[in-house]
Amino acid sequence: MRAAVAGASGYAGGELLRLLLGHPELEIGALTAASSAGSPLGAHQPHLPALAGRVIADTTAEVLSGHDVVFLALPHGHSAAVAASLGDDTLVVDCGADHRLADPAAWREFYGGEHAGTWPYGLPELPGQREALKSARRIAVPGCYPTSVLLALAPAFAAGLAEPDVVVVAASGTSGAGRSLKPNLLGSEVMGSVSAYGVGGVHRHTPEMEQGLTAVAGTPVRVSFTPTLAPMSRGILATCTAPAAPGLTRAAVREAYESALATEPFVRLLPEGVWPATAMTYGANTAALQVTLDERAGRLIAVIAIDNLAKGTAGGAIQSANLALGLPEELGLPTTGVAP
Amino acid sequence: MRAAVAGASGYAGGELLRLLLGHPELEIGALTAASSAGSPLGAHQPHLPALAGRVIADTTAEVLSGHDVVFLALPHGHSAAVAASLGDDTLVVDCGADHRLADPAAWREFYGGEHAGTWPYGLPELPGQREALKSARRIAVPGCYPTSVLLALAPAFAAGLAEPDVVVVAASGTSGAGRSLKPNLLGSEVMGSVSAYGVGGVHRHTPEMEQGLTAVAGTPVRVSFTPTLAPMSRGILATCTAPAAPGLTRAAVREAYESALATEPFVRLLPEGVWPATAMTYGANTAALQVTLDERAGRLIAVIAIDNLAKGTAGGAIQSANLALGLPEELGLPTTGVAP
Amino acid sequence: MRAAVAGASGYAGGELLRLLLGHPELEIGALTAASSAGSPLGAHQPHLPALAGRVIADTTAEVLSGHDVVFLALPHGHSAAVAASLGDDTLVVDCGADHRLADPAAWREFYGGEHAGTWPYGLPELPGQREALKSARRIAVPGCYPTSVLLALAPAFAAGLAEPDVVVVAASGTSGAGRSLKPNLLGSEVMGSVSAYGVGGVHRHTPEMEQGLTAVAGTPVRVSFTPTLAPMSRGILATCTAPAAPGLTRAAVREAYESALATEPFVRLLPEGVWPATAMTYGANTAALQVTLDERAGRLIAVIAIDNLAKGTAGGAIQSANLALGLPEELGLPTTGVAP
Amino acid sequence: MRAAVAGASGYAGGELLRLLLGHPELEIGALTAASSAGSPLGAHQPHLPALAGRVIADTTAEVLSGHDVVFLALPHGHSAAVAASLGDDTLVVDCGADHRLADPAAWREFYGGEHAGTWPYGLPELPGQREALKSARRIAVPGCYPTSVLLALAPAFAAGLAEPDVVVVAASGTSGAGRSLKPNLLGSEVMGSVSAYGVGGVHRHTPEMEQGLTAVAGTPVRVSFTPTLAPMSRGILATCTAPAAPGLTRAAVREAYESALATEPFVRLLPEGVWPATAMTYGANTAALQVTLDERAGRLIAVIAIDNLAKGTAGGAIQSANLALGLPEELGLPTTGVAP
C-alpha cells in the first residue's frame, strides 16, 4: 500500500515519514508541502537520509490521488478541501484540528470560522473507538494534549472513580508548536525556562478533552487546562486530577486501571511507585502512565508521558490508519524509546 | 555586619555567597561545610572567583560564633543543635526545613522523628509577617515550592476569592534537589525529559503550603500538590488553581491582586495577557505572577515563576535577614534577571 | 541466534538492548550486571518496556555461555577474564577499551596496568577491516571519539590529502561518561554549560586515534585531541583538521571523499554547503560528514557527527558482530534519526 | 553620566541594559530600536522589570544626542551614519562589526560593500590598548569569538611561545546569533544538538582574530577557525591551539600566562588541573582560562570560557567605555557568575 504525506517539511510530517520508513506494509509515495515545494526533502529533514533526494511536490489533488492513505499535516483550515478532492477509496488521516470536534459551536468559539464537519476520532483506546475506526475512510487524529489527557483519565471516568471536575496541567516540548518562526520558540528563550501560555480556559484543546471525557463518563465533564512549554524538543507530561468518588481506595484505583489497560498495546501502566518521565517514551508510540489517590486532598491523580510527535501525532495517526486499512494495529509502530 | 554561611559547598550555600558578594552591608565571614571542609571554596563554586581561595571550615559553634548573622544551608535535622550553640546576639537563618512547621504531628508524618520547634516564617509578603520578622532572632526560610504557592495564592485567599480546595502542579529545575549524586539527577537523564515525583500528597512541602494558606484564609485549606522535574538548572513555575468564589469576575481578581501587590518590592504582577516564564526571574529575588479566572471551568488560576535558589531560598533568606537586622528589606537583592 | 549483554543496566548496555530489540536475527538472551544483578531491567531502562520484567543476572561464565554472541559493556579491565571463560564458538564483542590498542606501551601509559592483548578492531570502514572482521571471534569496539575521528580523516590520509599533524576538538554528550555519579555530570552543572576536560594529550582515546590514522597513512600520525562536554545526552561533533598536502584543491578533496564513501552504508557525505549536526544522527547508526579545504589557513577540515551510543558504541558493535556472524552488515541497524 | 542604547530590544541591547542597571555612574537614557519602536521595553526584555514601562524610541540622531555615551547594538552597516550625527562630546561604542577591521580589503572580502573606517579596538587586555582607549571617542567592541581567542592566545604570542599557525574550534550558545527568526535557531532544533557552521575560513570573525594576533606577535598569524553552535543560551568555550615554540616547557607556559594576567581584573587563569566551563562565567564580565603544553603533539593549548553577551559583547563594551569616560575600568561590571 502507498502512503502520501502532505506537509512533509514540518515536524509532524517529518515524524510521519520517520515512522513510515519503518512500516513494513506502507510504502512512501508523494511528499507535498506549500512553501518548500520544489526543494529536496533532505533540506528540511536531514535526519531521514533514505529520503534525502526526494523532491517535495505541491499539495494538489493530482499529486495526492492514487494513494491508499493520505496523511495530512497541514495548518488547520486546509484538510476539508483536500479530502473533498479524494474519493473514498483513499483513506484520509488528518493530523490537524479541523474535524475533531462534534459541536460546531465549540469550533466557532475556539477556532473561529465555519466548522468543517466531524470525522471519526483517531484514538482507538477510547471505548468502542477501535471498532469504529476499522470502517473509517476519514480519521481526525486527536490533538497531542487531548491524547495524553484522554488516555490518562478515560479509565477513571469509565469506572466511575472521579467527579467530572478535572484540572490538568501539562508540560510540552517545543516541537508541539511546529516549525513556527516566533521569538518565544527560539532556543535562546526556550532553554533554561519553563513558561505558561493559553491559560484560563482558552487553549483550543480544552473542548476536545471535554468532549472525549464527557462521552466516556456519560455526564458533562469540565476541564480546567493549563499548558506549559518546557525546555525539550519532544514530550508531554500531563498531570490530570479530579475529585475522587466517595469511598474510593488506592487499591480500587489500581485495579480499575490494570483492568482497563491490560490488553492495550501502547498504554503502559507503570509499576507501583514509579512515575512517568517523558524520556521513557522518546520516539515511541507509547504512553507511560501512573495513577494514585491523594487521600489527604481527596483527589485522583493520573500522570502520563507521551511523545507529542509520536503517540501524540504521527504514531497515533498510523495506529488508526492501520485499523482502517485492515492491518494489525501495532504494525510498524515502535514501543521502544530512545534514552538516555 | 558579618555573615557566616554553613553548607557553603552546596547549591544553596553557593547562592547565598553569590548574593552576599553583592550586599553592601553584609561582609562574608566564615564558610563551613561537612565533607568538603579543608578544601578551598573555588573547588566547589568556581563561579565565585572573589572567594576562590577561601578555605572551608568545619561547621562548629566556635567557627560560627561572633557573626551578626549565620545562614544555615544544611540537610534537615542539623539546625537546632547549631542554633542552640549560638546566642541571641546572632541571628540564625535556616534555609532547611526543621523549623517551618507549627504542627508537630505534621512534622512527624512528613519528616519523621521529633519536631525541633517552630521559628518565625521567613516570608515577609504574608499578612503581618513583615513586622514579625523585624524582631526575629531565628528565622525559618520557606521551602522553594511553598514560597511560590503562597505568593501566588495568598492574595486570593486574603480577599476571599477562592474555595479552600487547591490544586498545584509545579515544575522545578534540578538545583532544587541539591548537589545529590542520584542517577535521576544526572544530566543524561534530566536533559530532554520532564518527570513527576512525590505524587499523591506525599511531598514534604505540602503541609507547609496548607499551613500558610490556612492562616491567610482563616479556614482550613487543603492542597493537592504535584511536583515535576524539568530540564533546567534553576526556576520554579507553579500553576495554582482553586474553585472560584461565587460571583467572581476577572476584573475583581485583577483588582484584588493589584491591590495586594502594589507595594511589594519583589512580587510582580505581569501586564494582562503576559504569562510567567522562569527566565524572567533567573538569578533575581523576584516573583513573576499572573492570575485569571477560568470562567468555563469556574476556577481561579494563578501562575508564578521564581528562581528556586534566589527568591526560593537564598534571596528569600537575605530578604528576611535584612528585616531582622534592621536593614532596608531590599538591600543587596537583585530584581534584574539574567536572560536570555 | 542468541545474544547476551553484560553490563545491561548502564547506558551502553541499554543501547545494545534497544538496537537488539529491532534486530531480526539476534534474540536477546542473558542480561547481566554487577551491582544491579537481581533487579528487573525495567528499574534501570524504563524506555525498554519489552524487557521490563527481565531479571538481571550476575556476570558469570555460566550465565553467558551458550550464546552465539556476547556483548560486553563493562568497565575496563574485566573483559579478558570473561572472554577467557567463553570458547571460540561464542563471538565476544567488547565495547570497552581493553583490547583496542596494539602497543602495550601505549596501554600502560594511558591506562596503567598490564595490557590484555589486542583484538580485531571493530571499524569496518577502515581499509581491509571489513574483510578481517568476517572471521573474527573476538572484536574490540572502537572508542566513541576514535570512531568519529577515524571515519572523518581516514579518507584524507588514504588519499594522501593531509600532513600527519592532526588537531581534533570534539564535543560529546554526557552519556559518553556513562551512568557515573560524579558532581560534574549532574544535570544542574551540565545544562547551560560547555566544558573542557582531558586536555593536553592525556585523554585515553588519543593513542587509539593515532594508531588508526597511522595505519591508514602508512606514516606516523600525531593527534592533538581536546574533548569537551556539551549539554546534551547523546552525540559527538568532532572537528578534525590537518595541514593540507601541497597543491590540494577543494574539488580534489570532495572527489576523494565521494569516492571513498560511495558504498559505505552508514557514513554519509552531506551535500556541499551543509554541515553536520548531531541531531541528524540521533539514535541512528550513521555518521554525517562534511569536508572542505580552508584555503586561507592551508588546512583540510572534516567535521563529523555521530550518536556516541549508537554508531559510537552499540551500533558499531552490532555492525561488526553482523559481519562476524555471517549476517548482512546493515541488518537491524537504523539509518533514520529521531528529530527534532 | 547618561547612556543611550540603540538596539534595545535585541539580546545585546538587553544585556547592555542589564549591566547598566547595576552601574553606579551611568544612568540609562534613551532606548531605541527599529521595528519595535513605540512598544514598551517590557514586551521585549521581561527580565528587566525596572525598565518595563520605558517606551522604545526610533533610532535617530535627535533621540541619541545629548548623552555622554551611546551604545550601538545594531545590525552591521548602520553605525557609521549614527556616529556621524553625534559630535565628539558623545562617546560612541559600537557592538557591531563595522569598525573593527583595519584592512579595507579584509572588510570587502568578508562583509562586502565599502569599509566604514577603523575605530579603536575595545579590548583593553591587548598590549597598549588600555591606554589607547582612555582617549577614545569612538570604540569598536570586538566580536565575541575574537574576544575569547585574543584573550586566550595573546599571552602566548606576546611571549613567543607559539608558532603563528593557529587552530581554533569554539562552541557558542545561541544568543550569539541574536534574536533572528531562523529555523536552525528554534529551540526544537537546537536542543540536544551541536552543529558546525561557517567552516573553512569563511566566518567573519576570522580576519579579526588574525589582525589581533598578528599585532601581538609582530609577525603574520593565520587562524583556522571553526565555530559550532551548542545547546545553551549563553557562553563561548574556545579551544585555541598553536605549534609550540622549540624547547617550550609546561612550566614556561604557566609562568608566562601568570605573569601576563597577574593584574588583569577580568581574565582569570584557573588553578592548574582545572579546565574552563562556560558556567563559571555566566552573566559575568570574566574570562576563565587554562593553558597547557601537549608535549606528545607539540602544541600549546589554551582553553577559554566567556559569556558571549557579557565579556563577549555588552560587558566588554562597558569596560572600554569606563576607560574612555575616565571611570575605573571595573566599575559596575560583575565578576561573579550565576551557577548552577
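The first chain written gets the first letter, and so on, giving A, B, C and D; residue counts start at 1 in each chain.
Here is the rule we use: a residue touches a chain if its C-beta (ideal position, glycine included) is under 8 Å from a C-beta of that chain, and two chains touch if they have at least 3 such contacts.
The chain lineup, named per UniProt: A, B, C, D = N-acetyl-gamma-glutamyl-phosphate reductase.
Just so it is clear, the structure is predicted and the values come from calculations on it, not from any experiment.
Under the touch definition stated at the top, chain A and chain B share these contacting partners: C, D.
To overlay chain A on chain D by their CA atoms, one rotates by 180 degrees, a value rounded to a multiple of 5. By number of C-beta pairs in contact, B-D leads when B-C and B-D are compared.
With centres defined as mean CA coordinates, chain C is found 45 Å away from chain B. Centre to centre, using the average C-alpha position, chain B and chain D are separated by 36 Å. Chain contacts: chain C has residues 11, 175, 186, 188-189, 191-192, 231-234, 277, 279, 282, 339-340 touching two or more partner chains. Chain contact summary for the complex, chain A toward chain B: residues 165, 167, 169, 171, 186, 188-189, 191-197, 199-201, 206, 222-224, 226, 228, 230-235, 237, 239, 241, 275-279, 282, 290, 292-299, 301, 303, 305, 339-340. Chain D contributes residues 11, 173-175, 177, 179, 181-183, 185-192, 231-233 to its touches with chain A in the complex. If you check the complex, the residues on chain A that touch chain C are 11, 14, 18, 21-22, 42, 45-50, 175, 191-192, 233-234, 268, 270-271, 274, 277, 279-284, 286, 288, 334-340.
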